[in-house]
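Paired with chain B in one complex and with chain C in the other, chain A is shared by the two complexes that follow.
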Partner chain A sequence: MPHTPTPPYTSPARLLALGMVVLAMLWATLTLAQTPGDTAATVAVETAPAPQPPLPATGIRAYDAPNDGGHAITVEWTASGDDGQGRNNVVMYRVLRTPALRGPISPDSVPPGDPSYRLFDSRAYGTAAWRFIENQWDTLADVPMGSTRYENRGGKQRASNDFLPDHIEFRYKVLTINDAGGIAESEVSAPASASGQYLHTGKLLHIGIPVVIFLALVLYFINAAKSGRELYIRPLAGINAVDEAIGRATEMNRPILYVLGLGAADEIATIASLTILSRVTKKVAEHRTELLVPCYDAVVMSIAQETVKQAYLDAGRPDEYKDDIVYFVTQEQFAYVAAVNGTMLRRQTATNFYLGVFFAESLILAETGSIAGSIQISGTDRTTQIPFFVVACDYTLIGEELFAASAYLSREPKLLGTLKAQDYAKAIFLGVLIAGCVGAALQWQWIARTFHLSF
Partner chain B sequence: MKRQLPLAIIFLCGAFTLFQYFIPHEQSEYLYEFVALDWPPIIGVFALMLGIFSLIRVSWGKIRRKSENWPYAIVTLIGLAGMIATGLPGIGDHNAPAVRWQFNYIVYPVSATMFSILSFFIASAAYRAFRARSFLATVLLVSAVIVMIRFFPLGPLTDPVGTTADWVLNVPNLAAKRAIVIGVGLGIVATALKIVLGIERSYMGRD
Partner chain C sequence: MERRPIWYLVGLIAVILAFAVSTTLRGFYITLGSFLTLSILSFLYKDNIFYKAAEHLFVGVSAGYWMVMGFWSVLIPNLIGKLHPPLVRPFVPAIADQPPSYWYFIPAVLGLMLLWRLSPKWPWISRWALAFIVGTTAGLNFIRYMASDLLGQINSTMVPLVVIEGGALDTLTSMSNIVIFLGVFCGLIYFFFSKEHKGAFGVGSRIGIWILMVTFGAGFGYTVMARISLLVGRFQFLLGDWLGILS
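Up next is the complex of A and B:
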């Protein structure tokens, strides 16, 4: 069989072809290397020109934020001509600030004699050092198109990253950015520094003046009542029922349960309940009926003990007072409910008072009392719990009636005067509400501006 | 003096809190947050000791007198002692397994049980409230039914019922709620002024 020779890999033709390929590659490489810049990049630059910047924000102004405790500077500007008008392509503004802040830095690592470092210390917020670098800009925030105001509210704590010191001057500028990525820089604002104020003018106008008017009404009606003027007070069924409820307990020879609620001693509703407890205890002491006051809060218990003790003394029956009348149960919400419910059912209390601050336990307490057949008088300022008391109790003091109950029970002129003042204050509020509704309907913006709360 | 001193303290504290509200300066804030607000927890700790003492005294009295259901007082004291003992430094702490076990397997289940009773009480209270004995009770019943069924698929009635329920919640209900809130606000201011100015002093006796 004849042998067919295989063509050698190093034949002259193959070598020639390979050499031509190598030469071609070498030429291409050299040619491209001599072309300035990258060909592909050059093409891209030629086809996508630099984004056209929008019109810049103008009239940039920085000033200390009013009515605050310091550490805040307000920045305002006039919107770009391309924001909502012109090319209408602005997407956001970027607020920058200089001197740039670097910190917090450990006070030990501050180079001695370097004026750019400042040390801040206070008893409240600790000690830390910060470095202020002039002409370097910190980006503070991006705010959306249409904005013309930014409040640079910094942290008050010296060791916080966003700490903004008082009485240090800062300058601001605003970058206007459009949808193509174009950026226009505003002018730099005049320097501004933060500081705290000693009077909140907004609160003074909207709260201080009404409180003074109310106080004047209170004093006027107290004087009127003292001078013997007859003040008509709308009768409250829940208050009128107190005597009846205590009398019933006395006739049945069963105890009266008084629940002060779950509020702490700083809740006005709890304080109002303590004043009512004093009045109720005097009547209870006169009737020699047993009183039970289980407490949820230990501070409230201490106050209630003194209140009840004093009421027994005032009623002329100090010997009837026992330390066990007011007692502490627990500060666990539902454990307290279980204990009070158990007391109701075991002792078969004739009358239950629920006056104060209540939460989810209101219906559990009131419904158990209802099942036990007790007369129940309730009152709370929590609007979410009032419906539960209304359906489960015989009488309910709704909202402000709880605060008025003490005056009703005492019929003392001074206290009745405050009730009358409350009624007149409500009339003023009603007038303002009606004026607001009419003003809104007629689009009188000045009414809205007058009563706009900015805190 | 026994009455004048507490009244003076109440007036000073009340006046300070009132004026502090109108002074936003950092120093005023510092006085309020780091001086005034330090007092309640301190008083609270001492009052809690009085509370625990009260609980022990009442429970021990029941045991001593063999009052009705006195064995429950023993359970109370054992629970109190157990929780304190397992949480004491040296024996355990507030994160000790024994403390957590008591919370996880006694306190939380019992609390959850008490809370769950609420659903049954809501049903019984709603039944009493919704009995249409008068015109107003009927209005209440109808309003409640509309609000309750607003999320039900009611076919062509779904939208009208939802709209009516929203109107009930956002107009008459909200109006009444806001009226109560305004009244409560005025009542709070009036009560605070009465106490700060010493007009209301019945809680101190001999008004």
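Up next is the complex of A and C:
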């Protein structure tokens, strides 16, 4: 099919005319836009009147939050004259913060032409984890009307978004906002920085006074015990059975298993157990019976080794001590249980001691020992585990009896004196309890409040 | 211990079956897990070769696992990362740019002192570190015990024994408060060690031990329920993940 050339739709003359028309329109538009006054092209815009601001908050004050571990600054102010009075239309306060920097400032970070805009970058101190920009006001919080205080408590970790460093100064201001959207700025506070305190003065009454009383009692009874005064401690069946259990193992020529539990070295029950271990080891050394102490915690194992070694030394048989009496098993709860269970059945232990901190393994251990026919003495301060020991062991030291046992067995004046002092402290607290109940009945809330801790 | 060849045979068959059943790697792991679970459960019958194998594997693997965990989650971020942060950049990039904290030399030295226990000549050096650990942690725990175990308890027990609500006696609340007060009071009496439990004191002590035993009984039932849920979990693994009987 032959190609027919398409006639041009626009001739050069038409194009020229069109261009001139466009230029004319453009000129007219620009001219009209630049013409002042009320023209047809100008759209009149009616702006709403600015909301009337409330009276600002005054007397703003920032200071380090007292009795804390740092990373907190308290901000206080006097309420606006329109908050609860005057026009009474304040709805909230907005707290703003900016750093008041005096630390090293990087010259590279100062934007040209703005001397007040300074960047503080903690890279100057060797880290880039956080930074603050002076004169940049960050909104911290909105607090409701009637408030005159805000605690700026920040994160302690440098990497956290709300990190509030100690010993860096900040300034604060408060915006007062009314129901019409009016905003009034307060003055800027003087710089304040956060820091931690070593002494919590709010705890002095609750912690300090009981501690002083208890210490006085302890010192008195320790001195009494040292001076030879007989301090009575009522016999406990579990304690009296210790010698019998060791004797049984000796007669049967079978080892004694001593389980220190799963507690770390800082647990009071573990420390008490170590004291009893010392006493048991002395007897064991005297009787030349074999002792097995499988450990769950490496630090406890180290302490137990020291304890056992010393006990052998005290018994006059240091040659009998072997390092593998106390050995580490694993720090996995049920793997430890599996290993101790295996030891019980394979070594046919005559006596098992479970003294210390126990968790879910208590019943598994005690039940296996019972199947193996061992005499079992247990003790723990974990109330959830005591029932299992009660049902599966021959003797159980309940809670504090474990601590008493360590004093009873060692007969050391320090421990005996402490136990006696503890009893007296309990008597004092029983008195306090009665007073508290009477006070509660008579609506004397101050007694209960005295023993209420709010940290 | 008496050897029973039948058990070796049963074990061999179990292992062969396990491999036969395992058509995929995940299936193999599940079968291996089931075999180890059954091996541990076989202890209910008596100590045997399967239990011993599972026990030793469990102990060995867990000891190794915790050592590796301790190295990567404690030593690397909390010691090396504090003393020389750039060194840990490949492992813990979040702390690599932080400034070094030379205070951590103190625990590093204490940790090294602990290792002196392995020295045959100067094992006593480790005692200083041990003394520090025990003393510091005991001191730190003191406040916690004082706050929660002593003052918190006292505060919670200070309740009115006779509760009047709207001019009328609230019997249930009054009974509840009396039980709380008597329980704490007599429980404390039981834990008096420096006085003989005779006469009225003995009666209080006996009430105290009864209250303790009732509490232990309730605790026993509650905890046994939790243990049974653990057993149910194991059976779900055996019957569901392994055998596919449970969906």
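Keep this in mind: the second predicted complex is superposed on the first by the 263 of 455 C-alpha atoms of A that agree within 3 Å, B and C clash if a C-alpha of one lies under 4 Å from a C-alpha of the other, contacts with A are read in each partner's own complex, and residues count from 1 in each chain.
We adopt the following convention: contacts are C-beta pairs under 8 Å (C-beta built on N, C-alpha and C of every residue); 3 or more make two chains touch, one makes a residue touch a chain.
Note that the structure is predicted; figures quoted are calculated from it, not measured.
In the superposition on chain A, A:Leu345 makes contact with chain C only, not with chain B. By the touch criterion defined above, A:Val299 reaches both chain B and chain C.
Contact with chain C, but none with chain B, is seen for A:Ala440 once the two complexes are overlaid on the shared chain. By the touch criterion defined above, A:Gly399 lies against chain B and chain C together after alignment on the C-alpha atoms of chain A. Once the two complexes are laid over each other on the shared chain, residue contacts for A:Ala311 go to chain B alone; chain C is not touched. Of the two partner chains, chain B and chain C are each touched by A:Phe388. In the superposition on chain A, A:Gln197 makes contact with chain B only, not with chain C.
Within the superposed three-chain model, A:Asp319 lies out of touch with both chain B and chain C [touch as defined at top].
In the superposition on chain A, A:Leu415 makes contact with chain B only, while chain C stays out of contact range.
Counting contacts as defined above, chain A residues 207, 211, 264, 266, 268, 271, 299, 302-303, 306, 329-330, 332, 334-335, 338, 342, 346, 360, 363, 383, 386, 388, 390-391, 398-400, 404, 419, 426, 429 meet chain B in one complex and chain C in the other. Across the complex, chain B meets chain A through its residues 21-30, 33-34, 40, 43-44, 47-52, 54-55, 57-58, 61, 68-69, 72, 107, 110-112, 114-115, 117-118, 121-122, 124-126, 128-129, 177, 180-184, 186-195, 199-200, 202-207.
Chain A contributes residues 125-129, 158-159, 206-207, 210-211, 231-234, 236, 264-268, 271, 299, 302-303, 305-306, 329-332, 334-336, 338-339, 341-342, 345-346, 360, 363, 383-388, 390-391, 398-401, 404, 408, 419-420, 423, 426-427, 429-430, 432-433, 436-437, 439-441, 447-448, 451-453, 455 to its touches with chain C in the complex.
Of all the residues in chain A, the ones that touch chain B in their complex are 67-71, 122-124, 156, 166, 196-200, 203-204, 207-208, 211, 214-215, 218, 222, 264, 266, 268, 271-272, 274-275, 277-279, 295, 297-299, 301-303, 306-307, 310-311, 313-314, 323-324, 326-330, 332-335, 337-338, 342, 346, 360, 363-364, 366-368, 381, 383, 386, 388, 390-392, 398-400, 402-404, 406, 410, 412, 414-415, 418-419, 421-422, 425-426, 429. Contact residues of chain C toward chain A in the complex are 1, 40, 43, 46-47, 51-52, 54-55, 58-59, 61-63, 65-66, 94-95, 97-100, 114, 117, 126-127, 130, 133-134, 136-138, 140-141, 143, 145-147, 150-152, 154-155, 157-162, 181, 184-185, 188-189, 191-197, 212-213, 215-217, 219-220, 223, 227, 230.
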